[in-house]
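Mind having a look at this structure? Questions to follow.
Going by the order they are written in, the chains are A, B, C and D; count residues from 1 in each one.
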Amino acid sequence: MSGNTFGTLFCVTNFGESHGPAIGCVIDGCPPGMPLSEADIQPDLDRRRPGTSKFVTQRNEPDQVQILSGVYQGKTTGTPICLLIHNTDQRSKDYGDIVQTFRPGHADYTYWHKYGIRDPRGGGRSSARLTAPTVAAGAVAKKWLKEKYGTTFRGCMTAIGQIDIPFESWDHVPNNPFFAPVADVSALEAYMAELRKRGDSCGARLRVTAQNVPVGLGQPLYDKLDADIAYAMMGLNAVKGVEIGAGFASVADTGSTHGDALTPQGFVGNKAGGVLGGISTGQDIEVTLAIKPTSSILVPRPSIDTQGQPTEVITKGRHDPCVGIRATPIAEALLALVLMDHALRHRAQCGDVAVAPGPIAASAPCNG
Amino acid sequence: MSGNTFGTLFCVTNFGESHGPAIGCVIDGCPPGMPLSEADIQPDLDRRRPGTSKFVTQRNEPDQVQILSGVYQGKTTGTPICLLIHNTDQRSKDYGDIVQTFRPGHADYTYWHKYGIRDPRGGGRSSARLTAPTVAAGAVAKKWLKEKYGTTFRGCMTAIGQIDIPFESWDHVPNNPFFAPVADVSALEAYMAELRKRGDSCGARLRVTAQNVPVGLGQPLYDKLDADIAYAMMGLNAVKGVEIGAGFASVADTGSTHGDALTPQGFVGNKAGGVLGGISTGQDIEVTLAIKPTSSILVPRPSIDTQGQPTEVITKGRHDPCVGIRATPIAEALLALVLMDHALRHRAQCGDVAVAPGPIAASAPCNG
Amino acid sequence: MSGNTFGTLFCVTNFGESHGPAIGCVIDGCPPGMPLSEADIQPDLDRRRPGTSKFVTQRNEPDQVQILSGVYQGKTTGTPICLLIHNTDQRSKDYGDIVQTFRPGHADYTYWHKYGIRDPRGGGRSSARLTAPTVAAGAVAKKWLKEKYGTTFRGCMTAIGQIDIPFESWDHVPNNPFFAPVADVSALEAYMAELRKRGDSCGARLRVTAQNVPVGLGQPLYDKLDADIAYAMMGLNAVKGVEIGAGFASVADTGSTHGDALTPQGFVGNKAGGVLGGISTGQDIEVTLAIKPTSSILVPRPSIDTQGQPTEVITKGRHDPCVGIRATPIAEALLALVLMDHALRHRAQCGDVAVAPGPIAASAPCNG
Amino acid sequence: MSGNTFGTLFCVTNFGESHGPAIGCVIDGCPPGMPLSEADIQPDLDRRRPGTSKFVTQRNEPDQVQILSGVYQGKTTGTPICLLIHNTDQRSKDYGDIVQTFRPGHADYTYWHKYGIRDPRGGGRSSARLTAPTVAAGAVAKKWLKEKYGTTFRGCMTAIGQIDIPFESWDHVPNNPFFAPVADVSALEAYMAELRKRGDSCGARLRVTAQNVPVGLGQPLYDKLDADIAYAMMGLNAVKGVEIGAGFASVADTGSTHGDALTPQGFVGNKAGGVLGGISTGQDIEVTLAIKPTSSILVPRPSIDTQGQPTEVITKGRHDPCVGIRATPIAEALLALVLMDHALRHRAQCGDVAVAPGPIAASAPCNG
């Protein structure tokens, strides 16, 4: 209830701080009997891991995940799965200068006011490092959804700073450090090199999708599927905007062209982004995110200290010049967690039916 | 858990269908001792009410709210407040044609698949009519927040279809049926008249804000204030995009210009939209919404029936040509519900302290 | 979260006061497609109804339930079911004397301190009248469980005041006003008549059971089936003790005689009361309750007023001389609500499998 | 939602198995700013620890707790507190014999049916070893309640098997391995020695109390304070009965003698056990528990195997001959967790007022 648990039936409780001994999460509600080992989780953590290119933070964390509970003889038991990741490369002294100062754009000021106490080491609890356990939990959700429904997830960067990135192919995404769907990322590299030289940072726009989503997931009136996706994505560090399907372009659209027509062969178009009335249609879920520039920069900024006195801040330490770069696997994980939770919620109320996505036809109704 | 309750401590459970005998909600968790009567709630319902101009649905519902419980001698008792609104102007026969057909852009297809049963009368549970109880509950939250912290709410339309609406003054908003912050709405009227002639509909963009928000509301890691705002807004019928503060414009921004600088006199700028690290800063909360065009239109659209056969749909009945027009008071109510819930959550964990917004200075820490 | 919602997936939100215009509840999470009408609910309300014999309160409430939402064409739609019961026979003036006084054994003192406000009319929210919506919701749960698993519920009185009531047959229970499983209730009648003459009241002990309970319901570690049953029963007005199976007699037992042996034909004995490790065994669930004497009596008692001054209290009004008499259908309803909630929770995590109770044999494992 | 989280605002999520690498919990919702170290938690764990006398299991676990997160510079930060306890003395081979067999009185049969998978090593997740994290979390709650309200907790054994233990003094409790409030425990020792010789086990009855409880804790209608206490206690392994205050003795009582009279100097008597209408009165909370005999015994019992075939079971391994002996600190911890959760819930709705217990007088009402 203090906001560190994600989900209502597939519940992920996240703990830890950037520079504490360890971070992790407890997953409660995972169905029993699913094969699971660290090897199912590590690849997604590796995709998010810091220190893997010169365009991300140079903090070197192996992010090795350990399953502490909930798995017996290689299968989930239905009991809580604790996933632990040790912190190994903290340099808390980098933060000595900012203990009494609030960095613009950071959570320093609000944490200090809310809790009356603040852990300045790497942002403490507000660090984006805490997305690692989310990614780990998302890998468990991804596995179950894939085995049960064939659901898959992918994401890519569609803009970095002022550069729009055209969509060429999903195949390019794993081949460059930007998760960009283009073959040639030299322009992106040059842009980032120039930013880094200035000690500045930039924003990014991401696209995240799910394929083979069963029809019927989502709990109106309030816990609509798209509402929960928006919650998940806006809660990701630095996100300032979320769109489902056509998003803000819907404003200038008309009803006669916006609503995706239905045919026996399927929907014509996907302006809905895979959700109608808060419930999945079986089409791809399409989500777009806006991520703000990293707040930790070397450019000096005016600020105040805890006494309310004016000062100037430069943020040293090792930071991502664009936090959006490593956000793609995190956004995928969040989307997986939302779908997983709604899959279990649907099953609770409507039974273990799943209308497979595909050509639209008469389908067996839910059996209550 | 089936998605009809909003909030975790100030819990609003919504019930009813568009053409059933009544709609309403139960508010659980309202602090005791607050003066409350129907007169506190009715004005916001009247702002949302259908039938008030030629630009909205002509369904004529008085939307008179009745307090059934939770108030004794004019004060809240701390027990559940049931708010009831009778439906009076149903014309269910308007929907005879679409019982076996799925309207494009509507929840028909997904409800039928999810529940195996569907109430076609005015969209049943998926109708935007169900936002009325949300508005009623929001009025209760608004009152408490205003009395406790001086917090106020307002919203306006910033675009309708392809017309961007410049911001002139909040004073204009109540003086036109569009909630537009401009003195002259003749262009909007002409645009809507033309749309109506074609039997078509359009989208809208809204801005919603809160003033005098206490510092410290929001529960990271997941239940961040902005995450819960995004959840609330994306869950509003027809919303396809949500922005906090600078929103999607953050993407092309740099760290050196994005983070709002702090001075003893306050923040310089509000690109954050009033939230840092998921916690309120004391600045105005700034939210922007994209609303898609109404799906119920007279223009014929290709679709299928429940047997999977192709057909064509025209949606008769009485519909809003732009659902965005009446959405402003609803979005205000949702923002109020989010802040109310987080005010109680903050109080639970950190005690009854509230850092008043204003010039930034050293402040007393939370007392645990 | 303020304690007026029962259940986590089959959620019943209760509202109203003893002397307000109406009481009721909203059920969220009911599976869709189940036939439901007021006729399914009214019989259990009639069993609990006041004014039906001279041994219960003479307040005459028809307790007619109205389904306001969630049912379309005679079937549940999967959306919230609002059940409304109008109050018709309030006599609030009976309570004029006690507005400033705390009745011993009553909730007056604690409500006043907790909320700073108190509705003295018939106990307001603390009245046992608020069990009527619980009974109504329980009837919905009973119906689903019976159709799905054949599960049934029954209860009886096993002691009233100082009289132990032997178990003769379930057949006698509906034939007397005490829910006593005996043919001859003349001793009970005489006892009650004598109590009434003295203006005093007495306690009672009840037994409640469920038959044909599927194996596997219950969510350890904390939300064990027996834990949730104890929560439900202890929350019933005036209950001071709860036992599962052998209950307090277990203390003097030994391991060699206590644990119910397993044979291919089934368990030998049911000291467990149908629950092992917090999960149902498929045996009957067996629960015993202790109910304290009614606190509203004509015998004068020492007390204090809201100024802390000593006074004496006599409680007029129309009260049950033994609240335990009408508690049997309420306890059945609570047991049904617990099982219903756990049936949905089990289905969410483990899928729509249900191991039918019966002779013990190898069974298909859960399919995750 | 799968039952491994205790509490709604002070949330304790428990993980681990008896013979896995570690057990532990995550506490979410602890108020910030409270001094906390392992030294605050270890003493209660030591009171519950196995291997400390010949009357409990000889498994030798140091149960050293480690704080992994949520504490910075010796104070709670308001973020999740992860408490980890490594398992060190597993002997899983002891359980080779029972992998395919269901032990009478154990959770084996129900876990296997529910999850389709079962961890036989020491009972896996159903082991009473999982109460250690509960005790650790309870120590955190105890500390906050003591600092805030002066609330304290204590418990003792009131019967072991067929021996009733008279109450002499709380002072004796820490001086014997039984938590017995008597100076001379030789009769208990003799009884246990005889049981052990026979390879049998026995039950126990415990009393647990809280002192200096603020007035006003508890959330009717359903989440009454006594309902949540009953839930907590009945969820403790092997508990079969729970009483509040007078408990089952209330049945034979009359209203004229049962309700505790109020005087300006305080309540006369405490048959209520500190709760009226589900809300704390400021009197001591009084709870009584019935604990069944340990199911793991050397006496052979008839049972079946996973194929449904008859067999006979003897449970080797190292087990407590009376699980009730070590249950006192666990029950105290559970009572502390319930009060802590309700203290935060009360604060959320009614503000940071606490009516100190003591002589009854006019008190300031809640300020909403």
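The criterion applied here is as follows: a residue touches a chain if its C-beta (ideal position, glycine included) is under 8 Å from a C-beta of that chain, and two chains touch if they have at least 3 such contacts.
Molecules present, by chain and UniProt name: A, B, C, D = Chorismate synthase.
Everything quoted here is computed from the prediction, not taken from an experiment.
Student: Shared touching chains for chain C (Chorismate synthase) and chain D (Chorismate synthase)?
Tutor: Chains in contact with chain C (Chorismate synthase) as well as chain D (Chorismate synthase): A, B.
Student: Over the chains that touch one another, what is the least number of steps taking chain A (Chorismate synthase) to chain C (Chorismate synthase)?
Tutor: Step count on the best path from chain A (Chorismate synthase) to chain C (Chorismate synthase): 1.
Student: Between B-C and A-B, which chain pair shares more contacting C-beta pairs?
Tutor: Contact tally favours A-B.
Student: Using mean C-alpha positions as chain centres, tell me how far chain B (Chorismate synthase) is from chain C (Chorismate synthase) in Å, no decimals.
Tutor: 38
Student: Counting in whole Å, what is the centre-to-centre distance of chain B (Chorismate synthase) and chain D (Chorismate synthase), each centre being its mean C-alpha position?
Tutor: Spacing between the chain centres: roughly 45 Å.
Student: With chain centres taken as the means of their Cα atoms, state the distance from chain A (Chorismate synthase) to chain B (Chorismate synthase) in Å.
Tutor: That gives a centre separation of 25 Å.
Student: Provide the list of chain A (Chorismate synthase) residues touching at least two other chains, using ranges where the numbers run on.
Tutor: Expected reply: 1-5, 8-9, 14, 29, 32-33, 78-79, 114-117, 125, 220-221, 345, 348-350, 365-368.
Student: Over in the complex, which chain B (Chorismate synthase) residues touch chain D (Chorismate synthase)? Could you list them?
Tutor: For this pair, the touching residues of chain B (Chorismate synthase) are 1, 9, 29-34, 76, 78-79, 220-221, 344-345, 347-352, 365-368.
Student: Per the contact definition, I'd like the list of chain B (Chorismate synthase) residues that touch chain A (Chorismate synthase) in the complex.
Tutor: 1-6, 8-9, 14, 102-117, 125-126, 130, 159, 161-162, 195, 198, 200-205, 215-224, 226-235, 240-256, 258-264, 268, 271-273, 275-281, 290-297, 299, 301-304, 306-310, 345-346, 348-350, 355, 360-368
Student: For chain B (Chorismate synthase), which residues count as touching chain C (Chorismate synthase) in their complex?
Tutor: 1-5, 8-9, 11, 13-17, 20-24, 26, 28-29, 32-33, 68-70, 72, 75-82, 114-119, 124-125
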